Amino acid sequence: MIELGKYAGTVLAAYGVSVLLLAGIVWHSVAANARARNDLHRQEGRTNG
Amino acid sequence: MSLLTVQDLAVARGGMRAVEGVTFSLAAGQALILRGPNGIGKTTLLRTIAGLQPPVQGRIAMPDDAVAYAAHADGLKTALTVTENLRFWAEIFGGGGLDAAMSAMDLRGLADRPAAALSAGQKRRLGLARLLVTGRKLWILDEPTVSLDTASVARFATAVRDHLAAGGAALMATHIDLGLDEVEVLDLTPRRAKPGVPTRPAGFNEAFA
Amino acid sequence: MSLLTVQDLAVARGGMRAVEGVTFSLAAGQALILRGPNGIGKTTLLRTIAGLQPPVQGRIAMPDDAVAYAAHADGLKTALTVTENLRFWAEIFGGGGLDAAMSAMDLRGLADRPAAALSAGQKRRLGLARLLVTGRKLWILDEPTVSLDTASVARFATAVRDHLAAGGAALMATHIDLGLDEVEVLDLTPRRAKPGVPTRPAGFNEAFA
Amino acid sequence: MSIWEYANPVKFMRLSGAILPWVVVGAVLCTVGGVVWGFLTPLDYKQGATVKIVFLHVPAAMMAINIWVMMLVTSLIWLIRRHHVSALAAKAAAPVGAVMTLIALATGAIWGQPMWGSWWEWDPRLTSFLILFLFYVGYIALWSAIEDPDSAADLTGVLCLVGSVFALLSRYAVLFWNQGLHQGASLSVAPGERMSAVYRYPLYLSMLGFLLLFLALLLIRTRTEIRRRRLAALQAREIRG
Amino acid sequence: MLALLKRDLALATRAGGGFGLAVAFFLILCALVPFGVGPDTGALRPIGPGILWVGALLACLLSLDRIFALDHEDGSMDLLATAPIPLEGVVAVKALAHWITSGLPLIVAAPVFGLLLHLPGAATPWLIASLLVGTPALSMLGAFGAAITVGLRRGGLLLSLLVLPLYIPTLIFGTEVVRRGAEGGDPATPMLFLAGITAGVIALVPFAAAAALRVNLR
Amino acid sequence: MLALLKRDLALATRAGGGFGLAVAFFLILCALVPFGVGPDTGALRPIGPGILWVGALLACLLSLDRIFALDHEDGSMDLLATAPIPLEGVVAVKALAHWITSGLPLIVAAPVFGLLLHLPGAATPWLIASLLVGTPALSMLGAFGAAITVGLRRGGLLLSLLVLPLYIPTLIFGTEVVRRGAEGGDPATPMLFLAGITAGVIALVPFAAAAALRVNLR
């Protein structure tokens, strides 16, 4: 079983903040990539077509 | 019905009168082109009529909220797209017809392009499209066709004719031929301000001359 | 003796080639006028030759410390007087002949006037007087006669002729007639860069196109 | 076939597209594995449960420094060899580095609360990390402020160079300024100080995970930057005609 | 008016818009002070409220020149002046946008920076409250200074010089609130003064700023 | 080179040149701090050196954007780049001019402001000495930041953001000198470090700044 003792709050806060920050940068990277890909597709369609 | 009446107007720049004794009036459906050498005071006159600076002397009469002014600078935000720029001015002036304005100035293909990525002529076209979305009757235009190519100048002339036909009026300063042959021309050269000390000085430079 | 040799030069602006394959040379006593439509790359070419930006391709050969460059902006300090402005550049370039330069550009009467109080044409004359005090052989001039009236253009032409007669050379970009009929003209229109992908990209815009 | 050739955008897109799925899978497995394993470790006799923070804190702190070093190297490659993808990689890495620094700072601060009795002490190591964060912020702000990509790449490269020197200088200045509370490197080989294996292996896994995670994010973000540049290039071409 | 607000916020968050720069500057300032003053808690604790307020004020200050100058340069100001919204409204909206992009992030970040400066936990709510009440006045007074200097070439330092004296009352009452909060005193009185100043500034300064803008437009 | 220095000094002292603005800003800042911190000597004395140094640094900072931006805007920079003096020399001379017009007046005024902040008399010589040795580095690093941001529209806040972290070592050693001076310690060691940093900065940073300028000129 997971034991956290009297520092449960501390540990959970540390994990929570870190996971949040990591999730943020991952989401930002993926979303920006998808947007860039779409924009480029549209532009390439226009230039070639 | 007269949209603009200007009587014995004198305007000043840099604390000194530029032109004086200017009188004319514009009815709905009428346009007027201002001409004159560099530095005579065309820009100053237009800014005064648009309400950006007070006249030194004389009277300007027009209906409330009638003026749409377009200057040398187009007031574009380079970080916003063409549509965003135009929509902003439409919302500010409470006008509409974004689509019509974009078509009239041939901006459809550029709708999602940030204004930073426009060439000088395309920027100017966007600046002119802004006039169309203001819904204002009286256009005051300072060298509207700078950096436009011939096709765009023709497009602009059409837009002005449509505006006049819809009961609007336009006052334009320009050095070049707009292809609007039916429009009256007012040459400001004879109206250049005379040196003598006037009764009411326009600024420090006249008060202490 | 050749003062400037340009071979197969390509120059870029905004990360893309503007003109390419430019080849010419200037001997002492020779001048060359560049022509071409707006935006073809005249300013870019002149800046590259003046050493302000690196060429994308090709070779520029000239003696050390030979170039005096004059751009659209005159580099005047409005808080300093005409003499102070001119003396500064004379000291920087180690040249001299302030009086001669002031006479040549008809600035004697304005010697103690702060540059802020000069008209556009007078400012330009001061900018050209700067060339005379550099003592440099090779003048690189970008639209040197903008906002000059006819008398001043003639004065400028005389200054160029004197410079050539004294063994100098000049490379000028201009849209208007300078009255220097004996000078060769190079039209850049056929040198406009072709789209294709080059072996060595000029910048991001070419590397990713 | 030299490593430089991957700096060609087309080649880079092809190669990165091929390896990206593997890196992503590895990153997810190792990061989640390491962090969860770390979370399940037994309590330390001295620090209690707080020892579990180390599995986030140390990898993040290491990556924060390593990413800056990587940015310095790619900036130098750009400045010397003019490989465009290299400059874009430096740009792409910076936000990841800033987030890693932030995680190190945040977990450290949260850890400090029970250990030192305060959220923040002006300890040299903590302070140097704060300074590192400032350098990241300045670098990112400069990239986003300059419109012309060629100038932006050059100027941020120069900033990265000068910034590295001053980051190092600041570290020594800060050491001179205040004595530390923070413990030294406990992964060191000196036998007595060595961490017990219960904590060491999950820590290694989590460190590998953070490294792979950074690689995955770097590839994705660099691909994004390349696409953006290509879009801008196509638009510029259209305008110039 | 809403359109103007929306546009200004959009511009601030786009590339080059400078959103977040104020917070970054605030952070640097909070980090610099301990370098100057020394790291020990004893020295830092009493000056924390003052440093936080001075920092917020300076961060605000340095972003002021963007309020009107950019719009003036690209001609938008001329067009806004002829639009059917009063210039006073334009001033108020732009000050609001400045507050949202500079003041609000500062307030959100302030508790974290309070930790750096060892601000007692009891003072943190008061820090937030005082900033929330006080910073709108800073933005509005700043808009006034920006309106006066909008035509100048590099007016940054002059702008600071004009605006800083105007900030003094807000600063005094703001820090007093936080100090009393930290020491367990009663922060209600300075808070009332602070609110009074902000209310007065918001009600009256737009007219002065609009008048200054009109002069600079002609 | 001498001509350039003479011109920059002349420009700074003419109308609109901004000479003295830095001192005025320094004065306001030193006046603000007691408002923020509370007026009692006990609280002010330990932080005096830090505040004086941070104030000098901020005053320096706000005048930085004038170093190259004005010359860039009016085209002088292009002409200077083609002149027979190396761009590194231009950078060095302009940093020197900035130091003479911003740093030197601060140093002259600093003892007076030291009185305002209850700086012990024994520390005053060390304050002057540390500023004298340290501020040239501030001007030179500022010139680097100004060179990087010269092409930007409103680079003020960004400039601060880039430059302030570079100021940290100078600030730390500078205040350490004054603090040790005030407490009767031995200020020689931090003084040596300070001198070392300044020497290194003056020797190397002009090259980086000139490189940045070249990028912005093209």
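For reference, chains read A, B, C, D, E and F in written order, and residue numbers begin at 1 within each chain.
The definition used in the following text is that a residue touches a chain if its C-beta (ideal position, glycine included) is under 8 Å from a C-beta of that chain, and two chains touch if they have at least 3 such contacts.
Note that the structure is a prediction, hence the values are computed from the model and not measured.
Student: In the chain contact graph, what is the shortest path length, in steps, from subunit C to subunit D?
Tutor: Step count on the best path from subunit C to subunit D: 1.
Student: Touching both subunit C and subunit F: give me those chains, sorted by label.
Tutor: Intersection of subunit C and subunit F contact lists gives D.
Student: Where centres are the averaged C-alpha coordinates, which chain has the largest centre distance to subunit B?
Tutor: So the chain farthest away from subunit B turns out to be D.
Student: Counting contact pairs per chain pair, which pair wins?
Tutor: Top-ranked chain pair by contact count is E-F.
Student: Roughly how many whole angstrom separate the Cα centroids of subunit C and subunit E?
Tutor: That gives a centre separation of 47 Å.
Student: Once you find the CA centre of subunit D and the CA centre of subunit F, what distance in Å lies between them?
Tutor: From the centre of subunit D to the centre of subunit F is 32 Å.
Student: Just the number, please: Cα centre separation of subunit A and subunit D in whole Å.
Tutor: Distance between chain centres: 15 Å.
Student: Roughly how far is subunit A from subunit C, going centre to centre by Cα mean, in whole Å?
Tutor: Centre separation, subunit A to subunit C: 53 Å.
Student: Could you check subunit B for residues that touch two or more other chains and list them?
Tutor: Residues of subunit B never touch two or more of the other chains.
Student: Identify all positions of subunit F at which a residue touches two or more other chains, and write them in rising order.
Tutor: Within subunit F, residues 16, 73, 152, 158, 161, 164-165, 168, 172, 218 contact more than one other chain.
Student: Among the residues of subunit D, which ones contact at least 2 other chains?
Tutor: If we look for residues of subunit D contacting two or more partner chains, we find 131, 134, 137-138, 141, 145, 147, 177, 230, 232, 234-237.
Student: Inside the complex, what are the residues of subunit D that reach subunit F?
Tutor: Within the complex, subunit D touches subunit F at residues 131, 134-135, 137-138, 141-142, 145-146, 151, 154-155, 158-159, 161-163, 166, 169-170, 172-174, 176-177.
Student: Quick check on the complex: what are the subunit C residues that touch subunit F?
Tutor: My answer: residues 47, 50-54, 65, 67-77, 79-80, 84, 88-89, 91-94, 130.
Student: Touching residues of subunit F toward subunit E in the complex: what are they?
Tutor: Listed in rising order, the residues of subunit F that touch subunit E are 16, 18, 21-22, 24-25, 28-29, 32-33, 35-38, 43, 46-47, 49-51, 53-54, 57-58, 62-63, 65-66, 69-70, 73, 152-154, 156-158, 160-161, 164-165, 167-168, 171-172, 175, 179.
Student: Help me check something: in the complex, which residues belonging to subunit D touch subunit C?
Tutor: Subunit D reaches subunit C through residues 9, 84, 148-150, 153, 226, 229-230, 232-234, 236-237, 240.
Student: So in the complex, which bits of subunit F are touching subunit D?
Tutor: Residues 144, 148-149, 151-152, 155, 158, 161-162, 164-166, 168-169, 172-173, 176, 190, 193, 197, 205, 208, 211-212, 215-216, 218.
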